[in-house]
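Okay, so here's the structure we're looking at.
In this document, chain identifiers A, B and C correspond to the written order of the chains, with residue numbering beginning at 1 in each.
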């Protein structure tokens, strides 16, 4: 045990500068990766397209089948980028708000809440406009999250990661059962639903994109504004309050931002899970826990990840495809397991 | 009433994964006495207790009960001789005091047996000894910290073991309850000859209540013996990295450790403080 | 009253409560069973039902009751019992009322295998599908156990890894279902939510045998299991062979779930609800297993009746129990505002 008279001079000035350089370097890497992913996304598919064909499609120089393929893939690519960024960002926010390394929109049952509300809206209220779906999905996300948080807080110890994950799993199961209950008498809705249920960006259109963009923008803005507050939250509610942070307000605002993002993303691309889980963990390893860096980074990496997952899904099962929701689950769940193994039991 | 069982630790090395916590440690637990283990955080004292209660198998060396290797003895037999109160015991929700104490009879019950009169008597005796008989039908969740700890001790008592191991039984209790629990344990020792081994974090309570004090430093026994013989300023400095003055407690006649802090200790007392113990 | 009298009185009181509750539950199960034999599009009175059970040929009733309703009701009781028992076992062992085996991935293995067999391998024999489902459930449990093993198994990690494995399997199932042609969908849905349609004696018998074999195993360990609630350390100090008890108990419980899932699909939430309901009714006790099994049986019987007759559409039993699960969650939360929150 060390006992020292005077407090040691804390880390050299060089360290912050070094960290900044490292972060910028990683930022560069992430941007390059994003670019590559985007290119791959327009290049690959049931027909592989070459680089000049891509360029010529964009510049409008030529107008052949390859170029048409590229142009057709653009909305899909944009959607993948947007949804990926959204999920990465929302995941980072959820993990910060719940102080839970295992938080993710699917693990916490948020996506199943969105599903239930959308289905219920269609079945009982006869909703048909995509805009309505988005609003309803956001409401469902919020409700599910609150329910899960409340259930996870029952009993001793408050909302530990274990209890939240369990509460999420149980709530998801319950909501999914309710979805089945709603759908079974309505076979015609069922077919549409089961495709949406998988989670995919295949049905992307420019209309959808324009529709969902404002929601994503608002949600992102709210989350980004909360970034500094989230840094304080990480220290625990009491310490954060002691530092002058308005804990409740920050939490509610950040959570609202996350719900808007999750709801909108789920409404337009179906429930896609695990992106919000994996991406923040990876990003934390690269750029640290300062949310002013972590949030944008998570968005970037999330976008890249989802795009790559989508490409993989298209390539692996050519000529048909594996929807991106499946791919993220197949990659993400093992990573979830790896994270659980690495964490100390007390932290769970 | 109790037979004398002797617990001994012989050259034991304990590790978690790659991390060795205790190395080649020898310890004899004097039967019929109260032994208290002290040491700095993470020095291995809880780990040592776990090895002694059979929860952790030694990498090397062995823990010996009455000359036989503890880990080779049948589980039931060990449970009738060694009782353990771990650091944060979990009480199932809604369980009543009498039910929890009755759990202590588990090592005596076979698969198809019903409750015997002896079981009931043991439970009742345990309740009386710990002064919890009037709490018998109350749910454990509703009790205060001190009461709850007494109930856990009652459970260990119902087990009717000759040796009782306790891992920090006084943490989270306020001072009056700490003393209450320690006095109870002393009653057990004096009246029934129960050998008690406990890990305590409070140096002065340890000095007051121990017949045999064991100081652990970095996985080895630094000193072991009667508190008066063993506890001095040098031990405190070596084991806890703290300067102190050890006087005789006017209330109990046992050693009393007075830490020498940077403030409130008079200028002439300030000695250079050791670094990196 | 002396301390001994207090102790004995308390114990006797709890024992009587247990006996009362178990008797009550058994009676309720018998009543529900009888109702499900009698009620339907055609109502058959008790005398006709009894004659069919006795083996006599009764016009009309022999088919409806004997071939359709009887296997269905028996299957309901057996699956409910198996799920309830296994659920209570897991919840006790993992010290967490939310850690039901269908949440932590065991049932998903069985469903995934079954869906795969039906939709991809195009296997039509129900027996083969069941065997595959059982093997898959056991393999899934083994996988989760192995993945959770790190210097021994800790309940927390087991649960979380189970949730992870469950996610993988569920996404596989989703993928297969989406690619399925419409006419296989009905069968596949059964494996997703659980249904007692197509109940036949060939489904009942393997499950009955499994229950006969594994229930005594579980009951023998029930006391040790209850001690595990005190924490691994305390239980070990009380003489419980923690590792061995856990292994035996997991094996038996998983086997029960596997057979039950193979027989009727993963009937949602029965294993989750049975334990807590039994605990609430029986009070803290040394043996929750039999009450939980009976509660499970009752749940499935009643839910199936509700699913068949209460609404315009026929809902498979799994959907009704799922909705009940959702209600239960809400109920849990409503209770906390008053009593301060516990499961």
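Here are some notes:
Just so we're on the same page, a residue touches a chain if its C-beta (ideal position, glycine included) is under 8 Å from a C-beta of that chain, and two chains touch if they have at least 3 such contacts.
Quick caveat, the model's predicted, so the values are computed rather than measured.
The greatest centre-to-centre gap from chain A, using C-alpha centroids, is found for B. Ranked by the number of C-beta pairs in contact, the top chain pair here is A-C. Chain centres here are Cα means. That of chain B falls 43 Å from that of chain C.
Measuring from the averaged C-alpha position of chain A to that of chain C gives a distance of 34 Å. We define each chain's centre as the mean of its Cα atoms; on that basis chain A and chain B are separated by 49 Å.
Looking at chain A, residues 155 sit in touch with two or more other chains.
Multi-chain contact residues, meaning those touching two or more other chains, occur in chain B at positions 93.
Residue positions 342-343 of chain C each touch two or more of the other chains.
Chain B makes touch with chain C in their complex at residues 16-17, 50, 53-55, 75-76, 78-80, 82-86, 88-96, 98-99, 102-104, 106-107, 109, 111, 115, 120-121, 123-125, 127-128, 133, 136-137, 159. Against chain C, in their complex, chain A makes its touches with residues 102, 106-107, 147, 150-151, 153-155, 161-163, 165-167, 169-171, 173-178, 180-181, 184-185, 191, 194-195, 197-198, 273-274, 320, 322-323, 325-326, 329-330, 332-334, 336-337, 340-341, 345, 348.
The touching residues of chain C, when paired with chain B in their complex, are 2-4, 6-8, 10-11, 14, 95, 151, 220, 223, 226-227, 229-231, 233-234, 236-241, 283-284, 342-343.
By the touch criterion stated above, chain C contacts chain A in their complex at residues 96, 98-100, 102-104, 147-148, 150, 154, 156-157, 159-161, 163-168, 170-172, 174-175, 177-179, 182, 189, 192-193, 268-269, 272, 312-313, 315-316, 318-323, 325-326, 329, 332-333, 336, 341-343.
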